[in-house]
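The two complexes that follow have subunit A in common; it is paired with subunit B in the first and with subunit C in the second.
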Partner chain A sequence: MDQLRMTIERFGGVNLLPVAVALVALVLIGAPSSWVTLTVAGLAMGMMIFLMASGLSLVFGLMDVLNFGHSAFVSFGAFVAASVLAWLGGWLGADSILLNVAALFAAFVAAILFGLAAGWFFETIIIKPVYHDHLRQILITMGALIVAEQIILAVWGGTPMTVPRPNFLEGSILIGDVAIEIYRAFAFILGLIVYIALYLTLNRTRIGLLIRAGVENREMVEALGFRIDRLFVAVFMVGSALAALGGAMWAGYETLITPALGGELMIVVFIVVIIGGLGSIEGTLLGAIMVGLVANYVGFLAPKLALASNMLLMMAILLWRPNGLRPAVK
Partner chain B sequence: MTLLSLKSMQTNIGQYAVLHDVTLDVPEGGVFVLLGRNGAGKTTTLRSIMGLWEPSPGSVTFRGQDITAMHTADIARLGIAFVPENMGIFGGLTVEENLILATKNGTFDKDRLAHIWRLFPALETFWTKAAWSLSGGQKQMLSVARAIIEPRDLILIDEPTKGLAPSIIDAMAEAFREISETTTILLVEQNFEFARSLGRDMAVIDDGRIVHAGTMAEFAENKELQENLLSLSA
Partner chain C sequence: MTTTPTLGDRAVKLTVLVIAGLLLFAPFLFQDIRSLEVAARICVFIVLVASYDLLIGYTGIVSFAHTMFFGFGAYGAAISLKQMGPGWDAVIVGAIAGALVSLVMAIAIGLLSLRVKAIFFAMITLAAASVAMVLASQLSHFTGGEDGITYKAPQLFKTATKLMLNDEGKVMRVFGVKLNGKLAAYYFVFASSLVLFLVMLRLVGSPVGTVLKAIRENEARAEAIGYRVVAYRTFVFCIAAIIASLAGTVYAIWLKYTGPDTALSFSIMIDILLMVVIGGMGTMYGAVIGAVLLVLAQYYLRDLMGTAAEAVADMPLLPFILDPDRWLFWLGVIFILLVYFFPKGIAGTLAQKGART
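Moving on, here comes the complex of A and B:
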């Protein structure tokens, strides 16, 4: 048994889990073309959830802050991006790819800037007074989520908002009898780029070193002469901006959004953070991909179980690894 | 010359008063030992100096500057290093990363690094290994090395011999002796033999109060006092 475990560890350990799930799904689904389509959809969904969840994981790991209002940034990101895309509708429909890209870029930049500003405001006004008090953190951040939803209702109204997509992201690529939606492939690539950027920042820079150390032992980082509270504001802002970017991507994916978007995604985001292991970017990516794949496979194989699939996945993983798949070392 | 001065320091943790009245002067140079039984308030004293728990009322003065209400990071930047009882190493970081984090600008002074490698050869051997994979003694070496990777005026060390093998304790004593030639050490310790071999001046804390202060040589000779204050015989 020990030898089997060591062999699995040598070949990637828990990182192999999505591969194992995908192989089992291939056997159960049978048709390779359906399997490829579902796998791409699962990876794309996983990457978008990763964008939303990565900041939350770092925030919890670094400062032990439970932020149930995190999904408000997802909602705001979605609505800000949708508004910019609607405003630049002419560019989106143009034949010029350059104008298409410019419109999408403007929408993403607007969502990110809004996320940064909202993150700074949220951390300074709402989170800071309740450091070290989990009960108050839960109450005040859930309250903030409700307020955020009401602000969205007041600004954008209660009618579901249609999100236009740029022309170049519409349609599918056909490879044999396999259809891969371009938007999903784009979401996957964008998520991968963000992950690589985060990975390099955390592992190749001094700021990243401080964040990793702070996640493990905040007190000791301060005793070495660093103001972790200031670092935390920066991490919180970046996390909020990533959530807003995830929301913007999700808006384009769903193409119809409502003010309840953040509240609906909050549970999935928390499941991903818990499955992955708190404070770990690698764990968050792994958890997000697992959730994306399982949701798509189960939705195809047993649609009635689709809603419960994330919860069942979380239960199974926590029974196996109570601290998540790849928690930060504490 | 007094380097660190504690005046009527009182520290509460939650609703419990742990330090009642700690008044202590730590002179510059050498090793100053703070002895005491379990739960006497030794660790709380060090943590209060570092600003990890704020004493109220009371004051902490370092080189004449009141640091009582300063942030821990600002206290550290004054030249005070802390080696906590649990060693406080970052297990997910390599030995190199643990040390580079403690440098001022992210680069090593080659001479200091060579000095550390000479004091603790194991750190060079395991330079690229994750710190969690080190043995208890090696982790303690890393924790001390982190405190001296930059020049410091004062190092607070909390029970460094706890759980270590005798051979490692001897190596640690040798290292502290060498470090204390250039840096003042405030050492909290329960291992009296270890403390006696290093300390020049000392104090005993009991129930959150300093109950004795003097030289280590005098205290080491007074068996009755040791028995009364520490419930141990040398």
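Moving on, here comes the complex of A and C:
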């Protein structure tokens, strides 16, 4: 038994969990082609959720602030990107891939810039006065969420909004008898790039070192003379920008968005953060991929259970590891 | 802590007494259907908010699953009234079933997550509540899905029921109010709310209530003195869940309709939060004030804003700001400002007035 555990540990420990889930699903589903489609869909969904959840997790790890208004950034990102795409409709319809990419790029940049600005505003105006007071933090960020949702309703109206997709991301690739939607592959790759960038920043740069040190022991970093409050603002802004980017990706994925989008995703994002363990990027990625895969597999195998699958997954993991899979915060 | 009541304390208690009096005579004072609707809603929400105050104000746990328990009670009554037909047995079965489900869920959630940080608990309850709501809309053959369930209340509460007859064999009127089933239903709501509220008031006044306050103020110290914090927290969570569930049953009987919007939706949770914070956490009386203010605002402020928007329609920007659809926006802003500047809410801030420190 111990030897088995050692072997599993050497090959990656809990990181193998998604692989194990995928293998079990392969046996249960039977048909490899639908399994591949589902796996790709699950990975893409996981990556988009990772984008949204990573900021929340980092912010919590570093500042001990849980932002219940985080989903507001997701909704804002989705709506800003959708507006930009609609505005640049001519570029999207064009045959030139260059113009397509430019429009998509513009939409993402708009979402990210908006996320940065909103994050700065949120952190300095709303959250700064209530550091170290969890109860009031929860209440205030809830209040901010209400206000943000109302602003979205006021600006974009309550009717669902269609999001135009660039031409080159439409359709799917056929490999053998396996169909892979291009947008899903694109979402997966983009998420992976963001993950690698985050990983490198956190583990290979001086700022990353400071952030990790701040998560570990905040007072000590302050005592060494670093302005950790500025770092907080920066991390919060980046986290919000990532959430907005995630929202923008999600808008393109769903192609029909409503103001309720943020609220619906918030639950999933929370579940991911809880599963992954608060404060670690690796944990969040793991949690996001688990949630994405399980949601897609269960949706195929037992559609009735699909809606409760996330919750069941969370309960199972919490019973096994009460602090999540890979927590960074003690 | 002083034991002698301050001037502010008396003001708060007096306000609550006045509200209770107004609610008691509501059918006679405000004789239209809408006002009665508002009064019944206020009664139910006072109980619901006070039970939430037990959690957030007296133990410092933030739960987002309170509407879930409310919904269990409401759906319990709704389903049993639908299946067994209108009758008291159905009401009792529904109330007990709803309370039992709430109790089991509360124990499960509590034991699973009350040990961990407050924030974890908030997230888990939020997830649980959302799953409950999804289930309610999915299991449509059982819960009626998005449409909800309409059913008949017990015979006594039907509008056509005559409680007392006058000489001509028609419904007797007292001060112009028909003594019909609607009146009986209102007094059923009022009496059960009053009983539940008094039970909670007794609970926080008892030694248990003192322990709860001790846990809120300093968890480590309470633990060190020898109180089992997790046990007390789970206990309060269960009590609050059961009371919320009973309030749900009462509301379901009054409305004769139960659906996701009236019993489970997240907006009710937000209402409860707003009421607790506006009224004042940890005071019980605050729940009364908060519930009254917010329900009144829900029913009348929107009309008022609509009229105001029409009145200033020619001016720039003002009609946009006063648009009745914006009312939740302003409520959110007020909520944030309140949490910043008056974290004790109306009742808490008032009670401090005149206190000698």
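Observations
The rule is short, and it goes like this: the second predicted complex is superposed on the first by the 328 of 330 C-alpha atoms of A that agree within 3 Å, B and C clash if a C-alpha of one lies under 4 Å from a C-alpha of the other, contacts with A are read in each partner's own complex, and residues count from 1 in each chain.
Here, contacts are C-beta pairs under 8 Å (C-beta built on N, C-alpha and C of every residue); 3 or more make two chains touch, one makes a residue touch a chain.
No experiment lies behind these values; they were computed from the predicted model shown.
Once the two structures are overlaid, the count of subunit A residues touched is higher for C than for its counterpart among subunit B and subunit C. When both complexes are overlaid on chain A, the residue A:L38 reaches neither subunit B nor subunit C. By the touch criterion stated above, A:I140 is placed in contact with subunit C alone, subunit B being left untouched. By the document's definition of touching, of the two partners only subunit B reaches A:R227; subunit C does not. In the superposition on chain A, contact of A:M52 is made with neither subunit B nor subunit C. Contact with subunit B, but none with subunit C, is seen for A:R212 once the two complexes are overlaid on the shared chain.
When both complexes are overlaid on chain A, the residue A:L242 reaches neither subunit B nor subunit C. Of all the residues in subunit A, the ones that touch subunit C in their complex are 60, 66, 68, 126, 129-130, 134-136, 138-140, 142-144, 146-147, 150-151, 153-154, 263, 266-267, 270-271, 273-274, 304, 307-308, 310-311, 314-315, 318-319, 322-323. By the touch criterion stated above, subunit A contacts subunit B in their complex at residues 206, 209-210, 212-213, 216-217, 219-228, 328-330. Of all residues in subunit B, those touching subunit A in their complex are 50, 52, 71-73, 76-77, 81-82, 84, 88-93, 97, 100-102, 106, 130, 132, 146. Residue ranges on subunit C touching subunit A, taken from their complex, read 56, 60, 62, 112-113, 115-120, 122-124, 126-128, 130-131, 134-135, 138, 266, 270, 273, 277, 325-326, 328-329, 331-333, 335-336, 339-340, 343.
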